[in-house]
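You will see two complexes here that share subunit A, one where it goes with subunit B and one where it goes with subunit C.
Now for the complex of A and B:
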């Protein structure tokens, strides 16, 4: 691929529009759709593109999310590029197929617009839905703004469809705060975008009448464990792939997100490091600036890629920093916030004694403004 | 178009290889051999959790000689939709996509997915081989279980009428709906080949004896299946959306008239699951059989 920095149109759009644009430009051949708030406007946009002839794809309007992912799985097994999107209860309704496509190594790109889980009924954001699927064998990247949604969905196709990776890809975006909020996106044109993604010409898997294979049939424990070990190794390779993709994307589009796995904001070393994901991480940047103005030493480590979990990057950053404050927007009931649990485990495993504090915030759409983050940081700094 | 006995002896492709895991006397495996074998090299199978996901074997001992995708219990018709749409995009519309599953998926857990695919007029064929139980899990009642039949979850005999899946799909505007049985294999394969040649969502239900769960002698499978037709329990018919009419298939024609039907006990006495049915249960089964026929007769 030739290195160039492409031209952009500065456009105002919602995060869902950004996801739909990225899907449009990647030209998936089969799109299966089912509505759920706050994801719905992604698939509505795509239906418009298909109807207007801007996108040549089979548009399958299914009767449930379970079938939406199943149809994408059928398309992925047939060796074509495929796309769907969901949220919350919809993701839960897909559950067995989420695991089936992860463990089956099917390169599907499926944005999850994060929304809390019922009861009670609420359509607002937290990360409980996608976090429930951290063990499903999907790559999960948590985006911080509309621009990153476009960029990540585009990158997703190349990461998922790499033969050495062959994993489904879940770009996560906070409901409403990203999905329905209009912000500026530097939108490359369709041609440049597709050039970056490329044709899906060498499928990782392809059902073929000439060469009959059985997919997902009976296996004994030996083959089963080998497959799971392969999946673990693919996740390890995915870390490198995400780093390289971030770099290549930067060369092509002139934009990167940390090293692809984590992104540092502020000074390299500080008295307190705030660790978080999604839009809380974006808000934390303002908090870091404000605290600095007040003479306090706080930086941020944003976890962009949650699966595979960037153990090395977190450990290295922790080694030179003094204290971690992990903000979770989801809970593993009976234990703690998942990000905190996993961050602490990584430090322990690497014999790093940087203390870790945790806070759970923003469940069910509770607002987490920078003022709240600064107040919490000050509180933790005092301890 | 009509398949003869001679055709059955010359199956174009060995779809089911030696050493498969099906039980002796399995109706599903027999139907598979002839039906899938008749479409040679142009088929992709989608198999939900079912006996077929077991008797296909695995690894080097795999017995399915056609490309096969195994799916979760309720996912097969949607996966098949995705496969067929992908084939269309690849310009391979000559490839036929067939769902091959039992009545657990076809009548119960997967029925929403199935009706969804029918509603969208997906160009696939769903074959539901009916052994009237969840066979793979040890023979529990399904929506397709006959009244009076003893299953692992109805030890006193099933009390509820059968879910009439073919009629459900007719009501949902399927392209073609047919019932068949392994006792009349020419009729079965003729219908299968006809279905697969059509565009749109096609559905076939096949009476498939299951010796372990029916507690019958494996040597009696064909006999029991034939008696199901002769007692009227299993009406053979096909329905075409273009005509909107049902046609009673030849083996069943004699039994449209209730007078000609053999007593249900001829059929029930050969199976452990039905042989000790009470008088009341037999009456209820007869009533449910009449219900099916009266429904079917509306389309003649």
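Now for the complex of A and C:
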């Protein structure tokens, strides 16, 4: 199935269009959705594709996000490829089923178009919504641009549907900044894309829908702990799977994102390393270049995969670097930004004494231009 | 990199226009990469809506709004004061939907592209729910005023977006504006 670098059409499209294209090309059998800003245009596109006969999927319109994911869970249990998408309050409303599908090991692909949580009522981006679900047993990848949205959604089906992984997959994209911004995407054709994803022919789980049975048994601590341990191990295996998928994707489409877990920009060793995720991480690349022009030594470590958390990659990079500046676009109230907390923990337990500074930026759509990142880096360098 | 700021009223098609302009720039050999960023909020029909467009010859890694624009597109003359022209390059072009040089630019030495976009669009029947769709018309004026996007690539982008059925009127609007736009030094 490996074919070297397929043909592309360079197209201008929004990040949500890119997500919808990837879903279209992966041919899910069931899509169950409820609209919410800024996710809505993904499902609008998909409903259009189904209506036009371009996509042969059961398009289930439900009365809430909770039901949307419930319908997806039913579909995933019956062993078919399943897709949905949501944002913010909608993701919160799904909460019970988000955990259920994670702990239930259901390979659902669900882009989360990141939007802050109310109150105050706002529609703009930060990572508070998906971060609230970091413990839900979902794989989370934070994308930096429209191209990566397409690529990651496509990769997601293969990662989630691998029997050895069997985990739901949450590609995250910044609301408006990616979702509604038009930029270029090198779009492969439908056939090449589907060839990469392949049929979902060996389902993780498959209920006999002709003769369905439900066992509502109580799970004792022994089996319960075994299941949780299995989930932890699956997350560990997912790291390798994401690395391999990134590699295989690169061979097929000619594009990779670091090693799939983290992406380094700039020199391998620097006085300061900026650690961030999503669009801030891409904007940071311009900051790194600018600082270099000014004679300052700064590089970047972008965390692409947040769940599973790339402990080894972060530790290795920290070992040879001098100082970390972690930019968080979300907060664990009563403690700190989640990325900073986890990065510090990783360094501590690997006995690495690289100091870590943290900044919380860009909440509720606050703009974080490269000039601001540059100024912050200078400030931290002086400390 | 070229950066553009646009101001329009919700309902006049500004967000769509920015998207099509970005696509037209992608087709230009000298650029190839572009971005259109609509500024969403509680905008509704009639409210002022900003959008930002960038062109470059390499992938654009910025995700912020445009702060220092090269060119400014003003789809509704009554909104002109919403743009801080201190931050718009003196070497750029201001494209305005009006027939006379706006008072504030007189004697400024700025390059102004003037077009009666509202009239052109109305003559072509580009009116929806009482709002005149001046977006494609203003893109024609942009192509003429700045000369950085060709009318051919603009037409190509308009056709791709609107499809066979709806493209002709929109293409006509851009072409007529391209013909009628007057470029003056204020």
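The rule we apply is simple: the second predicted complex is superposed on the first by the 374 of 383 C-alpha atoms of A that agree within 3 Å, B and C clash if a C-alpha of one lies under 4 Å from a C-alpha of the other, contacts with A are read in each partner's own complex, and residues count from 1 in each chain.
Criterion: a contact is a pair of C-beta atoms (placed from the backbone, for glycine too) under 8 Å apart; a residue touches a chain by one contact, two chains touch by 3 or more.
Quick caveat, the model's predicted, so the values are computed rather than measured.
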Which of subunit B and subunit C A:243 touches, first, second, both or neither: neither
Touching partner for A:117 - first (subunit B), second (subunit C), both, neither: neither
Partner chain in contact with A:282 - subunit B first, subunit C second, else both or neither: second
Subunit B versus subunit C as contact partner of A:367, first or second or both or neither: second
First, second, both or neither for A:290, with subunit B first and subunit C second: neither
First (subunit B), second (subunit C), both or neither touched by A:181: second
Partner chain(s) touched by A:190 [first = subunit B, second = subunit C, both, neither]: neither
Superposition-derived comparison: subunit B or subunit C, residues of subunit A touched: B
Shared subunit A surface residues [contacts with subunit B and with subunit C]: none
Touching residues on subunit A, where the partner in the complex is subunit B: 29-30, 32, 57-58, 60-64, 66-68, 70-80, 82, 96-97, 100, 207-220, 223
Of subunit A, residues touching subunit C in the complex: 10, 12, 14, 38, 123, 145, 174, 176-178, 180-184, 279-280, 282-283, 285-286, 367-370
Subunit C residues touching subunit A - in the complex, by the definition given at the top: 18-19, 22-23, 26, 32-38, 40-41, 59-65, 67, 157
Interfacial residue positions of subunit B with respect to subunit A in the complex: 41-44, 46, 53-54, 56-59, 62, 64-72, 74-90, 95, 112-113, 115-116, 119-120
